[in-house]
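Note that subunit A is present in both complexes that follow, paired respectively with subunit B and with subunit C.
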Partner chain A sequence: MVLRIAQKEITEMIRDGRFRAAGAIIFTLLAGALLLGWQHYREVSAQHSAAQRATREQWLGQGKKNPHSAAHYGIYAFKPKVPLTMVDRGTDPYTGVAVWLEAHKQNEFKYRPAQDATAVQRFGELTGATVLQLLVPLLIVLLAFNAFSGERELGTLRQLLSFGVSQQDLERGKALGVAAALGLLLVPAALIGVVALTAGSGQTDMIAAIPRMVWMTLGYLLYFGAFVGVSLAVSAWASSSRSSLIILLGFWMFNGLIAPRAASDIAKAVRPAPSAFQFARGIEKAMQGDGHDSASERTKRLEQGLLKKYNVDKIEALPINFMGARLQDSEDHGNEVFDQAYSRLWAVFDAQDGVHRLLSAAAPSLAVRSASMAFAGADFPQHAHFAKAAEEYRRSIQRVMNDDLMRNASNTGVYLAGGELWNKVQPFEYTAPDAGWVLSRQAPSLTILALWCAAAAMAAMWTARRVRVYLT
Partner chain B sequence: MIRTLMRYDWRNLSADRAPLAVAVVLGVAIAYGAFNGSEWIRFQNRAISEALAEEGERFDRIRNEIPKIESGEKTVSPFADPRQPQSFGRNMGTRYAVMPPAPLGALAIGQSDLYPYYFRVSTNSRETFLNNDEVENPVHLLTGRFDLAFVLLYLYPLVILAFSYNLVSSEKESGTLALTLSQPVSLRRLVMAKVLLRAAFVAALAVLLSAAGVIIGGTNLAAEGAWSRLLVWAAVTAMYGAFWFALAIAVNALGRGSATNAMTLAGAWLLFVIVIPSVLNVAIKALYPVPSRVELIQAIRVAGDESTRQGSKLLARYLEDHPELAPPSKGPGGPPDFGTLLVAVNEATERKVQPVLAEFDAQLANQQSMVDRLRYLSPAIVAQSAFNDLAGSSAHRYKHFLAGVDEYHRQWRGFFVPRILRKEKLNASDLARLPAFTFREEPTADVTGRAGVAFVGLLVAVVLAGIPAVMALRRYPVAG
Partner chain C sequence: MLEANALSKSYNGTTALHPLDLRIEPGEIFCLLGANGAGKTTTINLFLNFIPPSSGTAKIGGLDVVQQPLESKRLLAYIPEQVMLYKNLTGIENLEYFTSLAGGRHSKAELMGFLEEAGLARTEADKRVGAYSKGMRQKVGIAIAIAKKARALLLDEPTSGLDPKASNEFSELLKKLSGSGAAILMATHDLFRAKETGTRVGIMKHGHLVARYSTSELGHADLERIYLEHMHD
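Presenting the complex of A and B:
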């Protein structure tokens, strides 16, 4: 029976010109967005890997220099693009693309791509994620808003129930019908996506992308399920098709446009982040020693420690280069300061994301957005993951340079190193976290989506059982 | 007659609880938006005053230190000597160039959360200090903010459509249309009365509540140009609203039922506010792709490496070009010091990178001019550009600021470079002669002029939607 109802629903939808038009528009936008995303991914990742090679060559080819000059010259780390960003670019346009790894300092990422775009960008970017999070739910609303109310208004609900069709079967059949209609649209689009993914990325990237893609798909399915459930529930509960449509459009609007913005502002108010000025100033002060334990005191302490350790009475007599030791000592101090400052800042961002998660109990778009960009590899925690890896690499360069100074430089003359030392620094290799890492962070979002879906299905069942049969 | 019609229509409307509910929702949204905008202004002002305070403290310290160093009471290494022009101009004595929020800044956050609003200008190349991005969770940048402009661009049209999607169709459906038109009143007059009433209600809501928002937001109305900007803001808001009313009449005039009207208008809203902007954004980026910043980084690096290698040669050439800056040659000859070399190396690097930077500027200008032309595809984009301009959160004002910063950067270098080359130490009296940055607000006429163009664009959109609406009303099937 359920199948037969679903079949009837599908036939009706396919014959309805409005559904065909809306479906065609959404499909075109989705396919277009995926192809554009694919092209963008290819271009940017080619640029980044070329630049990563070039920066390595510059490092190796910098000629004879003091190791500390080389440390100042430094190297750039370019954030690699991962294949699934063709579906969801997430926060990538709003985080910098490259960071300069130099001596003494953990730099900020530079050049947010959104700064090189016009204000039109702020209306939202046309990506697969936009279509899936914003437009597909609207289509669901349009397909399902009059599922029950329409039958009642036509008088067919009475007829159906008189045949002995149970309300639950009717509800399930309707849900299945909407799902099948969506499938007609989304499965081909997903296939396009998979083909683009296969054509666009190397084998290792591809294999890493598969579990991510599976989880992302699950997130979207739960999200759509929630929308189908809510739409059917409202359709059964509302007094007329008109009020059902108004309520559902209101919910769509709240979910997709109002809640995300309101959530941003609430999160900022609840867990304010420092200004860039305060952040930089805090680091600067901590580096200077904040009044106690200043740089000169530390140098003195280091000097005395070394003199004692090697049992000599002046720096010139040390078997190691004092300059190298002092530089490494100040790096060690700086590392502590940076670790503290950045972990504090990122904890604030984390807490803000927590506020978003809390609010996603009211608007599932917040949860699906978070899950989608996380599994695409374009959310802030993964940006921070890369930033940490780049910082570790920077620190390893400093250690190699300073070790060399300590061991080989004299305490009196000029010391220059060459290609051999530059080669001791391994090339920068970054492996993005795997799907399990993302899942451990996104489990709450997926749980909330599952709860939404379950609650909406239950609400649909419950209201279907109590659906009013007659027009009042 | 119109007044009678409006009176009856008002009775009808007020019998419903909907208008009150809408007024409350819109009111809360506007108040919340204005509050968020003003929080952002407060945040910026706090950061600015902290930065200026830091500069003040630094200068006080230097002012105290110089006499001590001069008298030999204190000894410092050449790198930490504030009298050395290269140390002072590069980091110790650098000053902030600040763009304070514009008078109506709280009304539209616009692009202002994406662009820096103060820089610490030094003698180094501009690329070293232009990356002063504000700390922000990127998710918030991605979403955009809940400010007054958001409410007006997205929610205000929906309120208008909710009031007018069944302007004529509901009267027809309840059978009162034929009855009313049997009186000596034309359909056009009836529609006019209904629209005027609703427009008065909605526009009053929007304008009054925005005014309340301005007050909540702590806008300084005494600031120069604030009133004229506010006036244009109100005019653009009214015209943007008028467009949605005209669209609603046009859809009503097609003679379909209320449900179809609602669907059609919701679709139009989606098209103008969501779909066209995002497609336009994609098209702009495809037609005028901005070169990659990754490649810019590489270009700067390659140019820098090359210049460093040629260092002393460059200095010689630089001094040939600027003989007036050459150090007195009678003095002890010797290898040029770090500071002098850096001047020449920076100059050469910047000259080499210039074409790459020019390409960025050119492509961005192309993008902007494409937006300026194609924004008329959607009144929402037109209104957004006007709102951002009037609130001073547009790319225009940022570019204006950057131009000022460039000029200041030139002055700053003009002050220090000759002293670096002449190896002339600064003294206490030089501190008072340092160039200072003052932000000159964009001329109000430029801003209101640009917004005025947007206003005219909206007016054209109203006419384009309105004329067919009025024509179609003439053929409206009153019965059946």
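Presenting the complex of A and C:
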């Protein structure tokens, strides 16, 4: 019975020119977005690996110089693109993808396309995620808003019920029909996506991306399920197709356009983050010391400590290079300052995330956005994960340089190191967290989506059982 | 087959149907006459369980329509003033869909047979119903009733707006169905058809069934006169 109803729904939808047109538009946009994403991914990852090679070659080929000059010369670290960023670029355009690793400083990330973008572009970028989060729900609304109200207005609802069809079967059949119609669009699009992924990233990366892909797909399916349920419930409950459409478009706009902006504004208001300027100023102040422990005092302390340790009376008599020791000491101090500043900043971002998560109970679009960008590998926690790895690498370079200074440079003459030392610095290797790592953070989002989906299905069943044949 | 026991309906204090007792046996065609708002459609909707009764019971084949909503409907076919069909499906697809919902499985040839029995031309059956006339839609409605082997039919002004020929064909089909043992309750304004087709007529006014006659006792002129007398306040 349910299958028969679904089958009829699909036949009708396929024969309906409006569905064909809307479906064709959305399919084209989705396929187009995936192909654009694929191209973007290919270009960016080619640029990244070229730049990564170039920065390594520059580092190795920098000739003879003082290790500390080399530390200033620095290295760029590039955040590797996870293949699924083809679908969802997440926060990458805002957080940046490259960082310069140099002496003394934990730098901010560079190459943030959002810096060069106008405010309007926030709405304009066509990615798979935009289509999936914004346009597919709109299509669901258009397919389902008159599922019940339309049949009531047409008079076929009376006839259906006069055959002894149970309302719940009707509901299930209609849900299945909408799902199948969506499947007709999304399954081919997904296949294109998988082919593009494989072509863009190679088979190994593709296979590695499968767990993330599965979870991302699950998130979207739950999101679509919630929309189908809500649409059918409203359609059964509303007094007319007109009001059903208006209510559902309102729900769609709230989810797609209002909630994301409102949520980030609320999160910012509740847990304000310092501006980039304030943050830099804070670090600068902490670096200079807070009055009772200035840089010069620290140098003095280090000097006395070393003189005592090696039992000599002046710097020139030390068996190690004082410059190297002082640099590493200032590095250690800087690291403490950076660790504190960044952990404070990231704790604020974490808190904002928490606010976001709470709000996503009210709008499933927030949960799906968060899950989508997380499984695409482009959310903030994964950015921070990379930033930490890059910073660890920077610190290891500094340690290698300063150790070399300490051990090999004299306290009087000029000291130059060469290729042998540069080679001691291993190339930067970064492994992005696996799907399990992401899942442990995204469990709340997926739970919220599952709850929305279940609640919407229950609401649809409940309203269907009470569907009125006449509105009197 | 169709049975109302003290069946009544009121909306917020206004009584749409005063307690009604009615039995329609297999082979009978009971025509409900009366002005708009007299309670004819309310009676039919109560049998369909589209609206809950305020008191009393409606039974189809002995099954209470409120207690056993799905089972009682298995015995039933309903033809409204306008049989509504899905415009993107063909006549035969509509029939196939509706009969399959009623639990029947029929081959395409059988379905075509039902449509032919209901008087729909073979060439029309494969056209989408968007372009169907009202008469053709009503024929699909009858075909559904035939396919379902309905033992009770509820008809709500099924012939209003049909041309005399189509109306006549429709009446012939009803006679055939009642001849094969269906109990039929039909609300209508067409006194002529009621006399021709019906075995009994009932006149409703302000929610009361004020009079019942066997059509064999009446001439055409009698029925019209009696009807008008009742309508006169």
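Keep this in mind: the second predicted complex is superposed on the first by the 463 of 472 C-alpha atoms of A that agree within 3 Å, B and C clash if a C-alpha of one lies under 4 Å from a C-alpha of the other, contacts with A are read in each partner's own complex, and residues count from 1 in each chain.
One rule holds for everything that comes next: contacts are C-beta pairs under 8 Å (C-beta built on N, C-alpha and C of every residue); 3 or more make two chains touch, one makes a residue touch a chain.
None of these values were measured; they are calculated from a predicted model.
*Asks:* Output check: A:S264 vs subunit B and subunit C. Expected answer is one of first, second, both, neither. What do you get?
*Replies:* Touch partner of A:S264: subunit B, not subunit C.
*Asks:* Where does A:R42 make contact in the superposed view: on subunit B (first), on subunit C (second), on both, or on neither?
*Replies:* It touches nothing on subunit B or subunit C.
*Asks:* So, does A:R15 touch the first partner subunit B, the second partner subunit C, both, or neither?
*Replies:* Touch status of A:R15: second partner only.
*Asks:* State whether subunit B or subunit C is in contact with more residues of subunit A in the superposed arrangement.
*Replies:* B
*Asks:* Which holds for A:R298: it touches subunit B only (first), subunit C only (second), both, or neither?
*Replies:* neither
*Asks:* Output check: A:G164 vs subunit B and subunit C. Expected answer is one of first, second, both, neither. What do you get?
*Replies:* Only subunit C; A:G164 stays clear of subunit B.
*Asks:* Residues of subunit A that sit at the subunit B interface in one complex and at the subunit C interface in the other, please.
*Replies:* The answer is that subunit A has no such residue.
*Asks:* Spell out the part of subunit C that touches subunit A in their complex, as residue ranges.
*Replies:* Answer in residue numbers: 11, 45, 48, 50-51, 69-74, 76-78, 80, 82-86, 88-89, 93, 97-98, 100-103, 128, 148, 154.
*Asks:* Flag every residue of subunit A that touches subunit B in the complex, lowest number first.
*Replies:* By the definition above, subunit A touches subunit B via 18, 29, 32-33, 36, 44, 47-48, 51, 54-55, 58, 62, 76, 78, 90-91, 93-98, 108, 110-126, 130, 134-135, 138, 142, 241-242, 245-246, 249, 253, 257-258, 260-265, 267-269, 273-279, 281, 345, 348-349, 352-353, 356, 379-380, 383.
*Asks:* Which positions of subunit B touch subunit A when the two form their complex?
*Replies:* Against subunit A, the touching part of subunit B is residues 32, 36, 39, 43, 46-47, 50-51, 54, 110-111, 114-115, 131-146, 150, 154-155, 158, 162, 258-259, 262-263, 266, 270, 273-275, 277-282, 284-286, 290, 292-298, 301-302, 305, 360, 364, 367-368, 371, 375, 380-381, 384-385, 388, 394-395.
*Asks:* Of all residues in subunit A, which touch subunit C in the complex?
*Replies:* Going by the criterion above, the answer is residues 1, 4-5, 8, 11-12, 15-16, 154-156, 158-166, 469-470, 472.
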